[in-house]
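The next block holds one structure in the form of structure tokens; read it before the comments.
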Amino acid sequence: MDNLIVKKLVEALIFSSLEPLTLSYIKKVVGNYGDFDVNKIIKEIESDYKDKGINLFSSENKWFFRTSPLLNNYLKIETEKKRKLSKSTMETLAIISYHQPVTRAEIEKIRGKPVFKGTIDILLDLKWIKPKGRRETPGRPMTWGTDDEFLKHFGLRNINDLPKVEELESIGLDDK
Amino acid sequence: MDNLIVKKLVEALIFSSLEPLTLSYIKKVVGNYGDFDVNKIIKEIESDYKDKGINLFSSENKWFFRTSPLLNNYLKIETEKKRKLSKSTMETLAIISYHQPVTRAEIEKIRGKPVFKGTIDILLDLKWIKPKGRRETPGRPMTWGTDDEFLKHFGLRNINDLPKVEELESIGLDDK
Amino acid sequence: MDIEKLNLNISGFEGPLDLLLELSKNQKVDITKLSILELADQYLDFIKMNINRLNLSADYLVMASFLALLKSRLLLPKDETEEFESLEEDITKRLLHYNAIKIASEKIQSLYQEGKDFFTRKQKNNDFFVSNKIVINASLHDLLKTYVSIEKTRKRLNLHIQKDQLFSADDAKLWLKYFLLNFNDQWSELFDFLPDSLINYKLKKSAIASILMASLIYAQKGQLQIIQDNEQRKILIKAKRKNG
């Protein structure tokens, strides 16, 4: 099996999968056919599709094809009706994504009002947040952080891709 | 909107659609942005993707992407699932390997416990054991011995490579 | 402060901090340079105007009392303790932080979003056929160890198997039958029929149990009569003739 076929195989594999594929999974499948530099192959595919209507993208090192975000103005026609999240849910999400791991009490302190159970529930249901273990302080409260679907939904490669917010940085993220 | 963007748009439309798209639908969407030769654009995309892992296909004049038929031989993915053998299967295998050819009754006598048919079947399925003919005693019971896959799995050139019990004891393998 | 501007519906705010932030914008200065006193006044006015509204929740009132306290301290002559300086600082910090979160929230929302700005494949058909191959996790070491253990157990069993030294129920039946044939007409004590050769206690015990059991078996078959007046008395047996 030559490199060209391996490249096709990786393309097909990622295209076919219902879920983003981890690098290790791709390596395992390709490994059945010989010793190939999967990282290099993926970089090649990424570059091949860079100027296409479909792009190869990774989020948390899981690979998937998606339509080019540059087409966002033209693909609106296709848009299915999506539930718009409330301001308070979006603010809670912002706090969780910039301050993770963060407890519910900390979110409430930052927003100056209670966080309703429903808010956490919505975000959890969307797989945008997940529990990140307990804080080792009295009461051992649960902390929250972002989940992979959050990154995928907002087209982020990893959590460091979050937009920079100078105002937030000047406050200092450890000042909870 | 230029031709290149239209091409990307058509790619993205077909890719993200739940169903194969009719030419007339594609023409309608593209029509919102100007007067373009959609037939020509589709022919171009078809040719762009000809040597890729993903190809553009049409069936009853509906367009969709699918994995390249050239990959048909590689579309079967086998992932490995590790499983441990039960203690009774392992014991049965050990007795067969040291006492072959051996009947089921003899294995039972050595183990001091019954040997279930399922145990024999598991080992047969793995091609680790095979029938070694019938014993010429009353009832003519079937005898069992090891098969080639057994040697392969345990890295033995032939069955005489198995160490003797005394040797095993001398290296302390009998220590619990 | 223009009262008209305060004529806002409280439900338009994401809590007291949000309201306070909105009010602070009237000062048209950097949050760090806000007049906290003015801000406190505006907030308290707003609360007074909305006090009759049922949807004014407790957190608005908590903030109001906090600001009232802060205001009273700010109005006092300059002997304020550090504690209250830090309170003032704290409200500025909270406003700054909350404002930053609002900016962050907007920035997140302005990112490209799946299902709006880009799409992934929705077709559910996977062209790949995925199967799980079961691989047995067994090493040669496991195999050898298992075998040694079997052999060890076997040796141990071989060493311990000895000739049965007990007086079995079958032995007792034969023994008793012999005496039944010979002592048919008188009552005799059951345990007189114990063999003489019972050299050890264990063997004797097994013989007593077996003889008793054998006698019960013959009694059940109608070949033997058994009597015992009470627990302390001896057990007597007599052969029973078929004709009576």
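Just so it is clear, A, B and C label the chains in written order, and each chain counts residues from 1 on its own.
Methods note: a contact is a pair of C-beta atoms (placed from the backbone, for glycine too) under 8 Å apart; a residue touches a chain by one contact, two chains touch by 3 or more.
Everything numeric here is computed off the predicted structure, so don't read it as measured data.
Chain pairs B-C and A-C differ in how many C-beta pairs they share in contact, with the greater number at A-C.
Comparing mean CA positions across the assembly, the chain most remote from subunit C is B. Our note on geometry: subunit A versus subunit C, Cα centroid distance of 32 Å, whole angstroms. Distance between chain centres (mean CA atoms), subunit B to subunit C: 36 Å. Touching of two or more other chains is recorded for residues 12, 15-17, 67, 75, 77-79 of subunit B. For subunit C, the set of residues that touch two or more other chains comprises 119-121, 127-128.
The touching residues of subunit A, counted against subunit B in their complex, run 1, 5, 7-13, 15-16, 28-29, 32-33, 48, 51-54, 65, 67-68, 70-71, 74-75, 77-78. Within the complex, the subunit B residues that touch subunit C are 12, 15-19, 64, 66-67, 75-85, 87, 90-91, 93-95, 97-98, 110-112, 126, 153-156, 162-163, 165, 168-169, 173-174, 176. Taken together, the subunit C residues at the contact with subunit B in this complex read 119-123, 127-154, 157. For subunit C in complex with subunit A, the residues that touch the partner chain are 14-18, 20, 59, 63, 93-94, 96-105, 107-121, 124-128.
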